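So that you can tell them apart, the chains are marked A, B, C and D in the order they are listed, and the count of residues begins at 1 in each.
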Amino acid sequence: MIKLFGIPFKNPIFIASGVFGFGLDFKEVSNKVGALFTKGITLKPRPGNPPPRIVETAAGLINWVGLENPGVDIFCRDILPKVKKLKCRVFVNVAGFSINDFEKIVEKLADRIDGLEINVSCPNVKEGGVLFGQDPKIAAQVTGAVRKRTRLPVIVKLTPNFCDPLLIGKACIDAGADGLSLINTVFGQAYNAHTGERIISGGLSGPAIKPFALFCVNRVSVLGVPVIGIGGIETVADVREFLSAGASAVAIGSALLRDPYLPIRIIRELKVVSNISKNEKL
Amino acid sequence: MIKLFGIPFKNPIFIASGVFGFGLDFKEVSNKVGALFTKGITLKPRPGNPPPRIVETAAGLINWVGLENPGVDIFCRDILPKVKKLKCRVFVNVAGFSINDFEKIVEKLADRIDGLEINVSCPNVKEGGVLFGQDPKIAAQVTGAVRKRTRLPVIVKLTPNFCDPLLIGKACIDAGADGLSLINTVFGQAYNAHTGERIISGGLSGPAIKPFALFCVNRVSVLGVPVIGIGGIETVADVREFLSAGASAVAIGSALLRDPYLPIRIIRELKVVSNISKNEKL
Amino acid sequence: MKPKLIRAYITAKKQLNPDTFSLELKTSGLRLQPGHFFEIRTSDTYDPYLNRPISVAGYQRSRLLLIIRKAGRGTTLLHEKNTGDRILMLGPMGKGIIPKKKRTLVIAGGIGIAPLYFLAHNLTVGKIPFSLIYGVRNHGDHILISELKRICSDLILVCERGAKKKVTALDVLKNMDLAKYDIIYACGPKAMFVELQRMKFDQPIYVFCEDFLGCGCGICIGCAIKIKGTYKRICIDGPVFNLKEIDFNV
Amino acid sequence: MKPKLIRAYITAKKQLNPDTFSLELKTSGLRLQPGHFFEIRTSDTYDPYLNRPISVAGYQRSRLLLIIRKAGRGTTLLHEKNTGDRILMLGPMGKGIIPKKKRTLVIAGGIGIAPLYFLAHNLTVGKIPFSLIYGVRNHGDHILISELKRICSDLILVCERGAKKKVTALDVLKNMDLAKYDIIYACGPKAMFVELQRMKFDQPIYVFCEDFLGCGCGICIGCAIKIKGTYKRICIDGPVFNLKEIDFNV
């Protein structure tokens, strides 16, 4: 058990946004983790981007899903009742294209969930997205606007792309964020070596980015709020690296594409390991 | 044969800075490439950082060599005469900790080489280094100062860390840069999963960063100067991806640690491939 | 059936043509239909990173048959495995189909034969008469010919190159009396699907789609295909779709 | 000798103890001494990314002997290779040593035996008398005992745990008359080197350093070791160094 933002979590193993839908396909997994971060929710429904949406790279992948989601209204009506039955904390990943979007989504969600993850870091949409997260002023404005409209814990999800997470993170905390999560995906492209055409331009994730994620997590860990470490986590050793770097908890992302049951195994192993180290201390 | 900055190069396969020393250990390789970028040269000799300096990561490595080099004077006296005998273009990678450093190094090198690569992007030194490359004003100042003191081609090597290469690149071109090379290594850390100690904090390179490098190269390719693409190149297919993204030439880095003879094979395969495509066009 | 993490031993490996091989894996207790596939881990390392989707080509007495073409890095690593090696996989995934009792035409292009081999088997078991047109690129590429002959009374083997009669599966189709069939199943390269779509058949035609997947189990939304104007997921909503409803010009 | 890219077939593989095995590779035309090592590619993929340095443990009639301990991912992948498989490697790397005609003491800790097995062989061929202290952690860890007995008239096997007499190689050393020896060679974990350094021997002591390398051939400056106050490269200036000159407190 750990306590963050004044509320208890079963364990520090969370599921990152966008790689597990709404946690309903593998409920036995969702029920075991400390928290689930939902797929990004926008104000209006979004069809997402045309294929190809995923391209594999060395020890990772680039995705360009484009925030496909049913929009906040359908989410609240059809999905939220099911999500609420999950035996884990649920944080909704909120993705807006204007400050107004963020405000409206947050108001509609009200306090029916455990917390909010403010996504100012999605690289796969034309408007808003990562641009909001690259400018400390705008990131702070978004955070402030959300803060005014909710008493729930507010986590801001930071981008590592072309801006310093320390600066952005500090601005968001000053504007009322309770915690930070990072990293969102890293800008990445792939080309067809034969035709020269671009195959994809999107966000890079997976073990490839783990060292960069550790760097970023460590950098913002001085800010004094809980940090959720994300990026290339696949093993208990990876979890421990992130905790060493200063994270209070971690979220598993791409690894779920390789194995949706992975969190169960990590949680089990982590318990064994920490029992062992407790006994060793006796 | 390709022509960049008004001078001819045997081929567009270069060797990146810092992974091949001064090209003297494997002369048969240096003699085959279009250009060699030397290990970073500083004004004073530098002993480099204590070990561990290299840690492997998924599809890459983190290095923290810390610009170990004999300094510009010993370089000019003992090494340059040998380097000049290589049958490839030689660009010296210039690493300063102040604008004054850059000026002095460039003056001492004079025009005994084919060009300069201004390193404002080394993540592994405390002072200067990457900080110079994260601020468009300082990067432009450095470039301008160098520009005044040399008629050689000036390439600025950009960092992808916490700043937009497009902004920095533009500022450097306005200040007189003839070309850009990117990316230098990405911030990265690794921790000991058992003890929690940090093993290394340095620069990430290798195939892991290729998608990010392609993104950055593509981004600056609109600026209208030759771009040297760097990051995770291991195969002819990788070379073609970078050329597709907008690079005029590429430089091979970490791959040389796995196989110092790699450039020879790539150059040979590239010739075969381009002969085939020429014939196909007939 | 919900996908599970399965560790299965290779009980047999056969080379079927220069770049296609089959693996037989021991794994019990599954209920499998044509269309089902498994996501196979090709390496213990992170490179290749993602699993590779491979169709169920047969399942009998706890023996799962996979037919695999060496297409790139992952399938080449699979090809290096041997009898006795253990394979990690997730599945079954996708929606299986139960063939209708209708006069059936099956069209296979190249490795598209893999899921259709299972379909052909089930048609035979269900005593549903069917014709199979099976086209390949080069002479010698046809696989499992004697097995196919045994289960299919009307087998048409065609070859694009290197054979005496150079024809494609679609050439054959154009010269056939299609009124004989009530339903068509096809699997092959995308170009073949596009061509089939242009031919505007009267009867329903179902295609087994093979694209690059992320997770294979619906969680990443990475496998979009436009069906009647909205994106569906190949892995969960398919991989078998009504060809007439697919919009390839996305 | 300049390192070359070598593709060599495995001609034999032996399990020596639960986590140590040997590979014999066919590769001709090399001139090798103790201290030389090869950088072995453990996978065709990018994970693991770097080659792994492995010492020459023997070389006779175009047969290269490597003795490898499963230490992590790379060596585990090497362990999965079999006779007949081809291995890609770069080498020889490092500076080989030609043993001096002096009364010699050799100290091996654990897998440190690998390069010292070659040294012992060369001492025997050169008719140089020597003693070998060979310490391991657990009972049963000793490898190549009969071969060592054959070439070494004074072999002292010690074991830290699980044996009746629990001693380390260094315990043995402390109770020995070291005046009998003019020169010492050692290879083992870093902790052993640090301890040996504290013992301040009169005679020169050369150690085979094993650290994590980048390239193995001098180009990356990634393998720094402080020798008499300045950084040297383990791979090019070593891997054998005079222990008295090493500064471990970097």
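Keep in mind that, in the parts below, a contact is a pair of C-beta atoms (placed from the backbone, for glycine too) under 8 Å apart; a residue touches a chain by one contact, two chains touch by 3 or more.
Model, not experiment: these values are computed from the prediction.
A.B. asks: Which chains make contact with subunit B and with subunit D at once?
C.D. replies: Chains that touch both subunit B and subunit D, as defined above, are A, C.
A.B. asks: Relative to subunit A, which chain has the most distant C-alpha mean position?
C.D. replies: Farthest from subunit A by mean C-alpha position: D.
A.B. asks: Using Cα averages as centroids, what's the distance between subunit A and subunit C in whole Å?
C.D. replies: 36
A.B. asks: In whole angstrom, what separates the CA-based centres of subunit C and subunit D?
C.D. replies: Distance between chain centres, rounded to whole Å: 52 Å.
A.B. asks: Measure off the straight-line distance from the CA centroid of subunit B to the CA centroid of subunit C, and report it in whole Å.
C.D. replies: Inter-chain centre distance comes to 47 Å.
A.B. asks: Taking each chain's centre as the mean position of its Cα atoms, how many Å separate subunit A from subunit B?
C.D. replies: From the centre of subunit A to the centre of subunit B is 34 Å.
A.B. asks: Two or more other chains in contact with one residue: find those residues in subunit B.
C.D. replies: Residues 57-60, 206-208.
A.B. asks: Out of subunit D, which residues touch more than one other chain, so two or more?
C.D. replies: Where subunit D meets two or more other chains at a single residue, that happens at 46-48.
A.B. asks: Quick check of your reading of the touch definition: is the inter-chain graph here a line, ring, star, complete or other?
C.D. replies: Contact pattern: complete, every chain touching every other.
A.B. asks: Which of the residues in subunit A come into contact with subunit D in the complex?
C.D. replies: Interface residues on subunit A, with respect to subunit D: 58-59, 207.
A.B. asks: Show which residues of subunit D lie in contact with subunit A when the two form their complex.
C.D. replies: It comes out as residues 46-47.
A.B. asks: Considering the complex alone, what residue numbers of subunit C touch subunit A?
C.D. replies: Touch residues, subunit C against subunit A: 3, 5, 41, 46-51, 90, 211-215, 217-226, 230-231, 250.
A.B. asks: Could you pull out which subunit B residues touch subunit D in their complex?
C.D. replies: 18-21, 25-26, 39, 47-61, 63, 65, 68, 206-208, 234, 254, 256-261
A.B. asks: In their shared complex, at which residues does subunit B touch subunit A?
C.D. replies: 57-60, 62, 160, 162-165, 186-194, 196-198, 201, 204, 206-212, 214-216, 218, 232, 236-238, 240-241, 243-245
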